[in-house]
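Worksheet for the structure shown next.
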Amino acid sequence: MILRIDRVQTEMPPPSTPDPAGAAVVQELLGGKFGELSTFMNYTFQSFNFRQRQGARPFFDLIANIAAEEFGHIELVSTAINTMLTGTGEKGALPEPKDLLNRQQIIAGGSATMLQDSNGNAWTGDYVTSTGDLLEDLTHNFFLETGARNNKLKVYEMCDHPAARALTGYLLVRGGVHQIAYARAVENLTGADLMKMFPSPRIPTEKIPESQPHIEKGEHKKLYRFSPSDYLELAAVFNGPHPETGEDLEVVDQAPEGFPPFDLPAQEGVFAPDYAPEEIAEIARKLRQKAGLSDEPTGVVANDGKGVVDKVKDAVS
Amino acid sequence: MILRIDRVQTEMPPPSTPDPAGAAVVQELLGGKFGELSTFMNYTFQSFNFRQRQGARPFFDLIANIAAEEFGHIELVSTAINTMLTGTGEKGALPEPKDLLNRQQIIAGGSATMLQDSNGNAWTGDYVTSTGDLLEDLTHNFFLETGARNNKLKVYEMCDHPAARALTGYLLVRGGVHQIAYARAVENLTGADLMKMFPSPRIPTEKIPESQPHIEKGEHKKLYRFSPSDYLELAAVFNGPHPETGEDLEVVDQAPEGFPPFDLPAQEGVFAPDYAPEEIAEIARKLRQKAGLSDEPTGVVANDGKGVVDKVKDAVS
Amino acid sequence: MILRIDRVQTEMPPPSTPDPAGAAVVQELLGGKFGELSTFMNYTFQSFNFRQRQGARPFFDLIANIAAEEFGHIELVSTAINTMLTGTGEKGALPEPKDLLNRQQIIAGGSATMLQDSNGNAWTGDYVTSTGDLLEDLTHNFFLETGARNNKLKVYEMCDHPAARALTGYLLVRGGVHQIAYARAVENLTGADLMKMFPSPRIPTEKIPESQPHIEKGEHKKLYRFSPSDYLELAAVFNGPHPETGEDLEVVDQAPEGFPPFDLPAQEGVFAPDYAPEEIAEIARKLRQKAGLSDEPTGVVANDGKGVVDKVKDAVS
Amino acid sequence: MILRIDRVQTEMPPPSTPDPAGAAVVQELLGGKFGELSTFMNYTFQSFNFRQRQGARPFFDLIANIAAEEFGHIELVSTAINTMLTGTGEKGALPEPKDLLNRQQIIAGGSATMLQDSNGNAWTGDYVTSTGDLLEDLTHNFFLETGARNNKLKVYEMCDHPAARALTGYLLVRGGVHQIAYARAVENLTGADLMKMFPSPRIPTEKIPESQPHIEKGEHKKLYRFSPSDYLELAAVFNGPHPETGEDLEVVDQAPEGFPPFDLPAQEGVFAPDYAPEEIAEIARKLRQKAGLSDEPTGVVANDGKGVVDKVKDAVS
Amino acid sequence: MILRIDRVQTEMPPPSTPDPAGAAVVQELLGGKFGELSTFMNYTFQSFNFRQRQGARPFFDLIANIAAEEFGHIELVSTAINTMLTGTGEKGALPEPKDLLNRQQIIAGGSATMLQDSNGNAWTGDYVTSTGDLLEDLTHNFFLETGARNNKLKVYEMCDHPAARALTGYLLVRGGVHQIAYARAVENLTGADLMKMFPSPRIPTEKIPESQPHIEKGEHKKLYRFSPSDYLELAAVFNGPHPETGEDLEVVDQAPEGFPPFDLPAQEGVFAPDYAPEEIAEIARKLRQKAGLSDEPTGVVANDGKGVVDKVKDAVS
Amino acid sequence: MILRIDRVQTEMPPPSTPDPAGAAVVQELLGGKFGELSTFMNYTFQSFNFRQRQGARPFFDLIANIAAEEFGHIELVSTAINTMLTGTGEKGALPEPKDLLNRQQIIAGGSATMLQDSNGNAWTGDYVTSTGDLLEDLTHNFFLETGARNNKLKVYEMCDHPAARALTGYLLVRGGVHQIAYARAVENLTGADLMKMFPSPRIPTEKIPESQPHIEKGEHKKLYRFSPSDYLELAAVFNGPHPETGEDLEVVDQAPEGFPPFDLPAQEGVFAPDYAPEEIAEIARKLRQKAGLSDEPTGVVANDGKGVVDKVKDAVS
């Protein structure tokens, strides 16, 4: 079971210049073989399928808990893509076909994220490996994170849109923690010192400017516990020195606080959420009143009530 | 972001007679076009992709919150399949090929759930529809839940394994709530009275014996809020009379408590979690000690410390 | 069984400036999840799979008959794409790779339609839902037409090539009729008033200039009977007022007359129909003579014998 | 455009003993790479994509016309599968999982045809080859029909259900005509004498008992013209001696008369068309009355009004 | 470039009792995600795509050379499957549908291997990972071999047909060498001691009776050089002690001799190679004579000229 | 079994101006339905699955031997793509998203070949047809080569990069030989004179400037034997006059000599083979020394020791 919190794990920039080509490339980090949907689904199903979870509790806790963080990552990648696509669904101003690497982001998705990779191919359950063999699954996960890190580094280089940079700067740090976590789990299970394989790819994360603020906050050595009550044995496997900095790896006994999401503006040209979004807002207001709820929306968003919406609107027009 | 809780939404029976043929059929409810992975992923990405979420807050809250419940459903279907497969991975006693409708549950999955449907085809991101158009997405979701209910009813009939029956008995009730929720959302948005389309398929859930205990507890009319802090506007759309019983629909302001999961026994013949699982347990114990954690596993499971494990072991041998 | 008539359902413009980027986008209306191949195949197989067709005759007739019209739609979308691609297969002048969103239209298709969507992914039988449950299938069909209308509106906006506009202008009107037809079928079966959900997406078709001539001819309220002898009970479900105009829905007791297709010019550079098409023509002439047929081709085409061919040739050169 | 006629091309037996295993095998003839959906779609799109159709009219007419006949073949295969599955969706008596080679025929399809092959994989648009190069497409079509004949012969041997035998007995004869037609087209275009390649596979159709009645009626040498007005130049390519019997190939200037389809009984257990099909019938009756149509269904079916329905019901119970 | 030698890498048993269910399971080792087609294609394309091959020559040589051995493995798996299917394509005696886990082995393949996994899903190019990053590719390859070993062990347990046992007994030994080779390559590149991860899965290969004869011949510690002239630097990475036995790893400077393949008997019922195979043989004889070649076939097969053919024929009848 | 030789079948130009758009188009010749991976895999598996190989030896030898040549073709296409992509993975200078038709060549492949077609869809085992029926498989292969020739001609026209032209100029000649070989095999088996169907498509290869040097060397009429010891009966089927020139077809009793491959330069920006490739080179040198091998790399490459590397480096910078 999960509880959902309407916040994103890192602060993301507001929409600015639309970048549909970049948004097509960032899809690799969502729906690619090494994308976040793969990491989320792999760890989630490995945790569902785990046998003898009591007897292997520290390992179960590790996989199940990282799965929970990965949900936040598919949310973040989607946020970045949707931010980059804001402005591509304006009324009467849809993009030219020739400017669209991924046509379905507009036609099928409503200027939004698809469950596809950067070539526009759908994510598939085939990308999940859940063999039940603990050592094999951990080895797989270490490799999967290595592949994910490779792709993040390239997407970082290829896309200079602020949302893409904020995304990859953050994910490189957090994915790096998971890469270490699985390597340490293998080490703790077998004695093989996989720490010597870091960094892989062989460029240190600290060279990425957008990663540095997160490293300064120690995000590169912390594993958060994403549960009010469970997954208490993380420290049994996530421990020892960080392979690059030598600092001690740390388990943080709660989830990070996160940041309120942006309320992305309507894109009437793709009917998101409608051709006449103000009518939806009016209906929503009446329904809220009828239900005895507050007059104004209760949700907290980054651009709430402070004129940010207008600035965003300006930015994309 | 999510927090994960290591409990399942309904009480599931312990492993008993292995049923690999049934377990292959239940896959439809996991990875089929109308399976729970489809409902989870559809609502999750619709919530990520939602535009003007403040202006359409009650609808956003509905979709985002049901997505959270659906995570529990993919967990439950996996639990049922894994329970039905317990006993198919015993050392030196793998099933005969001819008895396996889905060979990969054993070979690839380790006597466990695959991200596939009942014909063994992988789930694909193509099964997600997230257009951004609120009315269209809600219409889709109502239809998706209708298809899901159809499939649950058939799987219920085809599979008499206790785990399959417990699963479908529960999911029929909870999926029915989601079917109503989306129909009500359409009604509240447009005025069209979709309540007249219930039940669809046209067999009342209350006829299913395994659903009755849940109906008696009122589970057929409650929408739980799966968040410590967010999704406060559910009542603005989830309201009015239940289409079949006429009772008032209710929003429950917290998640259900859930039940501890079973610690499914090792299946050494498929190396889950190892060919020598007791060695894993010994390593885990030492790691826990070294980290200064408790000597015994901290996790709470249904068969913990009460001899249930042995009974389960007996049941599958 | 079918009889085939070599005419297209609406008048299409001759080839003009080639538009391979637009032609790639229009593929969504052919091979996308909500494309015309999906509507054609869904209704066709639902009619094949229909049980108790006598007892549910009006509904069977509706689905089977709309299936027949949809054949004309896959023909029309292909016609538009092929028209837009005329000029991309000229001898010695194939397009630059960088100008091609869909490379296979040229390489695999011979400057022609592929069974793919706008991202170049193949149509799949997974897109067909044929559950046998009448209410569920009708609900699905209503939703499918809604999704189709969404995509047509966006493709209309994105593509200004005359063939794309003629296509979408027409399909929006005819698809709108099918959307109403299935909604009415649900209403007549259950009493739920789905008419309140129109238009969906919430932009009236009459705002589309290219749709207006068809609306003026009443095409938005007519259901044609595409059979010399069967499907006589359409009026039992297709009746009542049009949801937007209030006019009475009408069943027309025969198929529309249609228009002769264009004889699209050869594209020697992609060997369609040959590197030396005049040789094919000469062989054809001789075969016709040998068989005692007319000297000249018997087929009727839009550009037959009136110098139009040359004008087309000019247009694309 | 097409006109649809509610008849099937050959007489099919009524439902008898259900044969879900056989029905799974017959799927190869529907959705396999060489199945009828492939032949239908290949020729249909080749005709849509045809360039210089006037200049190559006899060849265009051949392909376009055979496409029309193929629609009747996907209808026939579906009819056979649905007939074989009648009795697998009875209320309270769904088949055991272990007896189902294709679980989705029951769960997704409602005891009906899927767009899949015999391994349960979905048909895909990748199976269509439409290059525009006339000689290449004709060569392809000859090869496709050869593969189709191979599969029909094997399915004939593997499935002894009367519906499978009636189907394959008929399709072998008609597919054989198409195989000859395309070979003759290649011959007439190039002079290569492909007639020497017959029969391929090298077993004469006349050895198949269920094919003999059709051969006796001359169905093995006739090409029907499936159009009220078009495709008049078939004889320019379909001519000369039959490669096996030496008889003259013939063009028949109209479609065959066909046979009324069976009204397949409801399968309440899979909700086809409903859990309470008599209610649907009652609603249909009222709708017919309200529309001023006849009291009784107007459609003509094989088992109409002569007690056959009851016999069928008996057969499957 | 390659030279092909018409021998198989290990001695395989002749056809005996047909085992189509087992043959469907063995497909996992051919077309599964971790099957031999995956290993062959991964290493082949990694070698094609290798950059700076001079500068990283020992690693290039390792990957390129193992790719060559893997060709022999896809050949062996196919040989096993075809052996197990011998007897399923007899004239007038095709298997019952209910006995076929993979129908297409008979219908599409001619009682032969498909490019599919054990669930009948096609192998896909998505299974290839070729990132260009040497460490990442080597890590991947080590993991891939681990997954392959897992699957071989399970297929060994599930299938007791002599061909399946001979196959898996041999592949476990040779795949084990590749698993070590890639682990050593990682070690030699980074210093991480992956040897501690062996065996993975944690069951020693020497426990498999059918592997023991190969281990006795030292096949578990030898890397053969499959080239007349190239890949001379294998010893720079394939060296050190065997992780389980401590024996020195060895590079053998030539390919193994191999064994002549069986001449599998015709299966007339599936037209392989024909419905009347003796006619093919007669044509072949004449063509040989006309070309001035020997009267008898020149190829060397295991069952040539010693009455073995007849014994095989007996075995399958 | 195979032996691998580290040479390519024709001389390829060094890297020059990067051409990622062209490289995306050339993918069709690798992973398209009619690409070289299809020809390689079709013939390879047909040879594995061949029954009665002694009785049909000349045909077996033909298919098995051409399979061996096709390995060289997938190597050549990859070489061309990788050459065209050299320069797209430079440190700090990855291409703009908008310039990439195939994003995964950079992100997933490391500026290298993917197992995909020109639309970026993965190659699939479905593209293999191996029916066991000799005549059918030969017919298929003739058709497959025809489709391959069509695609090569178009890619030739669309891509003017020297590597693409060298590739297609060569493949057109060699593929033409295979097209003839299979046509002759059909002729020799049945008597049908398929030679009349050449050239298909109907443009003679000798018109292609880049093909002419190969034709001058007689490469259009020679079938090489790619084996040290086997496939001795090729001449029994590959004989008679060339269909276009009338020259005698020839069997050459050994493989062509080939050319050393280029050592493609590192692309540090995509970590191929590393972010710091010189470190890899240093490690390799030490490993070689430790193993007692030569100090310098032993492999022979086109740009070895003669300053060519530097020129290549210049060309791509």
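So that you can tell them apart, the chains are marked A, B, C, D, E and F in the order they are listed, and the count of residues begins at 1 in each.
Convention: a contact is a pair of C-beta atoms (placed from the backbone, for glycine too) under 8 Å apart; a residue touches a chain by one contact, two chains touch by 3 or more.
Predicted model only: the values in this text are computed from it and were never measured.
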item	value
Chains touching both subunit D and subunit F	C, E
Chain whose Cα centroid lies at the greatest distance from that of subunit A	D
Greatest separation from subunit C - chain, by CA centre	E
CA centroid of subunit B to CA centroid of subunit E, Å	40
Intercentroid distance (Cα basis), subunit F paired with subunit E, Å	23
Interface hub residues of subunit E, defined as touching at least two other chains	33, 108, 116, 120-122, 124, 126, 129, 131, 133, 135-136, 150, 201-202, 270-271, 274
Every chain pair in contact, whichever chains are involved	A-B, A-C, A-E, A-F, B-C, B-D, B-E, C-D, C-F, D-E, D-F, E-F
Subunit A residues touching subunit F - in the complex, by the definition given at the top	21-22, 24-25, 28, 32-34, 99, 101, 117-121, 150-151, 153-155, 157-159, 201-203
Complex interface listing, subunit B residues touching subunit A	1-9, 31, 37, 41, 44-45, 48-61, 64-65, 67-68, 71-72, 74-75, 78-79, 82, 89, 108-116, 122-126, 128-136, 188-189, 226-233, 235-237, 239, 255, 258, 261, 263-267, 270-274, 277-278, 280-281, 283-284, 287-288, 290-293, 297-299, 301, 304
Contacting residues of subunit A [partner subunit C, same complex]	92, 94-98, 100, 102-104, 106-108, 116, 120-122, 269-271, 274-276, 279
In the complex, subunit B residues that touch subunit C	33, 124, 126, 129, 131, 133, 135-136, 139-140, 142-143, 146-147, 150, 186, 190-197, 200-202
